[in-house]
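We call the chains A, B, C and D, going by the order they appear; numbering starts again at 1 in every chain.
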């Protein structure tokens, strides 16, 4: 496995998000607010609150062992769910030339599902296009970065240009989308090139306007590398909430029953306790130095 | 959880399958031949052989902890992979009236991923049709059985009418398919009705002609119920190989590199050691007695 | 050919429509404002005006010899195009039992193109569903009316639920649409049942709110029958603007170049000169008397 | 309108085609065997025969006034329909630099329908891709030729890789197809670039193996130019049978009722009476001399 650069360093963020709903009858929310806990990030001082007393249960499920909360609701009326925590992240900076590509033979078994097509990243349908477009590029990491650049150059970020049913096929056709669509197209292309790729929902520092964000990661030579084809936020300022094959695995909230969303509010700020000044690393910055960021 | 009927009983089967390939260059096969090991079935005397010496590795992965074997191939030429084992299965017979339906609030966290749309069972796109067609039926189990009957009545089983990219949407449009398509359509409809549903690849006794088979299971009230909308094989004669969200998770074989399939051979026979005569239970037989079969 | 009922009678309408645009650079509008002139309707006192001097040309084209106007625009700025006329229509009232169905052998050659699939009415993809749903109904007119009822019962009319790329396939999936989508789905089903069907853009009296409207017509036994599966307006109050295989042939306006739409205004009123009181005939009214309306 | 080159010359071909069917019950065939008669080609010595006595009617319909024959069949059993004729064609050779591009403002009204999306050439869905890929190229003819080259380089001609429901969207995704698919993709791209494009079914000399062939034509500066993105046959050896928006308008045969196809046989040969030796002009030959072929 490639060795991370010495200049990699941790960063501390204050996270806050509020979800607003209007409950009309018995309903259930699966919400993914609590952040993942792993080598890449540690989470402290978590606080989950609601503006009225409701029943909930913390769960973990899926390939990435995401932390979900299931809220069971009965009484009609508005509801606010609020989450707060402090996260330390440890992005690993690597030189592209140090990344080894050892192919499908050495993929760890737990990463294999990320090779297969999923609802919003139907990689089997993109194989011919992916091979035509990127097949000639040498090295899996270079292919993934070429995918990122292709998307960034050709897909227009436009609110309202897609909906929750949009897949990578639609994004490729319409050449428009939001972060979710940029990630799905990147994932689909990478899997079509036999690169395991997963969807990641994140709290994202310096994203303007502040919101949840969606990016993706590719597995090359035993490490996962973070990619954001929207280039709207620094890659070293993202705290991972949930991961999965695509948005169906890692949606911030899935609603069942008689309930509707009523807005969200998200804030991802550098902690006051942080002593190191934050030096945002966007794709362009990394490209200049032939670097990539690994989440381990 | 509903109590199984006293007449439930185990059955012993001899399983055998051979996969034939033509290797043209470096390639990898992920093969799912070894059966699942769980409360529903026990596997003995497993033997995996190849007709020439090759490198392989046994793995488990995915939501259902499927048992895959990764074959890494170099030398061109033909290859045969053969699997043999003896399986004991314990299908549980239940009265439909004993099945309780306790909704999305009590779904165990490990079953939640089976509620979400997947590549070949894009349930989000079938929601309007499913609710129109089945929304008025009371009870999740009754809805799932109505889905089964609808598919059986309206979809024609026809070899060659679909391909490996066909999804439930295509099957609904074309009204034709093979076992894989019948299962995907059933899964998509059920998830659209908020019933967790999973794809199951099986060795199937009395299937004519002998082949691997694909069916699905739905979760109601804490138990999984076996459904085969093709009605081509008895529900108490199926040994589960792999499970997942759809065929992308539970394909018998996934090929990478320079290799092509060259045929398969499958046999699922009642063991000579079995003393109880096999009484095949098809959907129609169960329906007459208001029964369903649970795999626990 | 079936004989029209004696109670058929003509009706006079005042039509007015205004189209508003913002021209940003050289551009072209194909506008279909002028009404069709044929046995069903006569048009008088036509006035086409613009709020500034621009170049235009009146054209006829397509299978139905639609009357289009091509506006060639250079100077940036807002533009209003206004149309006014007086139309007399002659809807023919027929008893369903008088309608003879003489099949594909006797379709006149000029109606044949309406049997074939088109962009938004891809009837070849709906054949299996149409035959399953309507194949058992006797008589082409009864099939077409069953299609109308099925759509009216199952598709929800909802502004913004579709866009200009939506086809009958999308409407069938989403179970939502606007008049254009209702017409396309009806056309696609009918063609799939070997009934020639065409798309008709109309000025529609009593439509609330006032707007252009889209309906369809089916050919049975040598006559075209008017169908509006939205049931939002009386079938004897429609003045035909353009006809074609689908909306691509009969759009009110098609824009090329650097221009954007900025609203429309439509009014379809019973003429002051009309002495007979208007007795609106909706599908339900006709159904009660086993009648249909033919446009000849 | 650009002036044709002096080296343009006529050529005489003997055409023959046989269609074989198995009639199982009452049925109807719309067959397009008789060639178009126009300035580009004259047809002589036409002979239409069947191997048993059946009823037929010659018709003309559609935008291009195609010559169809409607066969009405009753008695079950095999049927052969045979067509023979002698055709003289007058391909016009032009220098690319002589072709003027005068835009959407000067398109003749009868050519406008070829700007709009159709069933198999849904140009509205390809607009974003077409503009990204070809939008930067100057001149409509150059854009159309770039479309031809792109298709020829990236789409693989493969029998059985598509079916009668395949549209340009599918061909773009799968990167495979037959002549029909190559034509549909070309048409869709061109219309998306505001170039009128039509589908043409032809008898094609030197096509190996002999068969009907499908190509397309684009309208630039008042002339239609012939394009065959398969590059499988000389552009100066094609006799036009039928034209339309896509294959739904110009299929060789459309079947209704209880009947199935049973093979075809086609032959397009240089006439013995021809005194000039045939100098086949493929796209490559024309490209070398910066020429294109117009069908007027």
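Criterion: contacts are C-beta pairs under 8 Å (C-beta built on N, C-alpha and C of every residue); 3 or more make two chains touch, one makes a residue touch a chain.
Given the structure is predicted, the values throughout are model-derived calculations rather than measurements.
Path length between chain A and chain C in the chain contact graph, taken as the least number of steps between touching chains: 2. For the self-contact between chain A and chain D, the two sides draw on mostly identical residue numbers; the shared fraction is above half. Averaging C-alpha coordinates per chain places the centre of chain C 31 Å away from that of chain D. Inter-chain spacing, taken between the CA centroids of chain A and chain D, is 48 Å.
Counting only residues that touch two or more partner chains, chain D has 125.
Inter-chain contacts, as defined above, occur between A-B, A-D, B-C, C-D. Looking at the complex, you find that chain C touches chain B at residues 125-126, 128-129, 132, 154, 169, 172-176.
Looking at the complex, you find that chain A touches chain B at residues 28, 30, 59-63, 68, 70, 72, 103-105, 109-110, 112-113, 116-119, 122, 124-125, 164-165, 194, 248-249, 254, 256-257.
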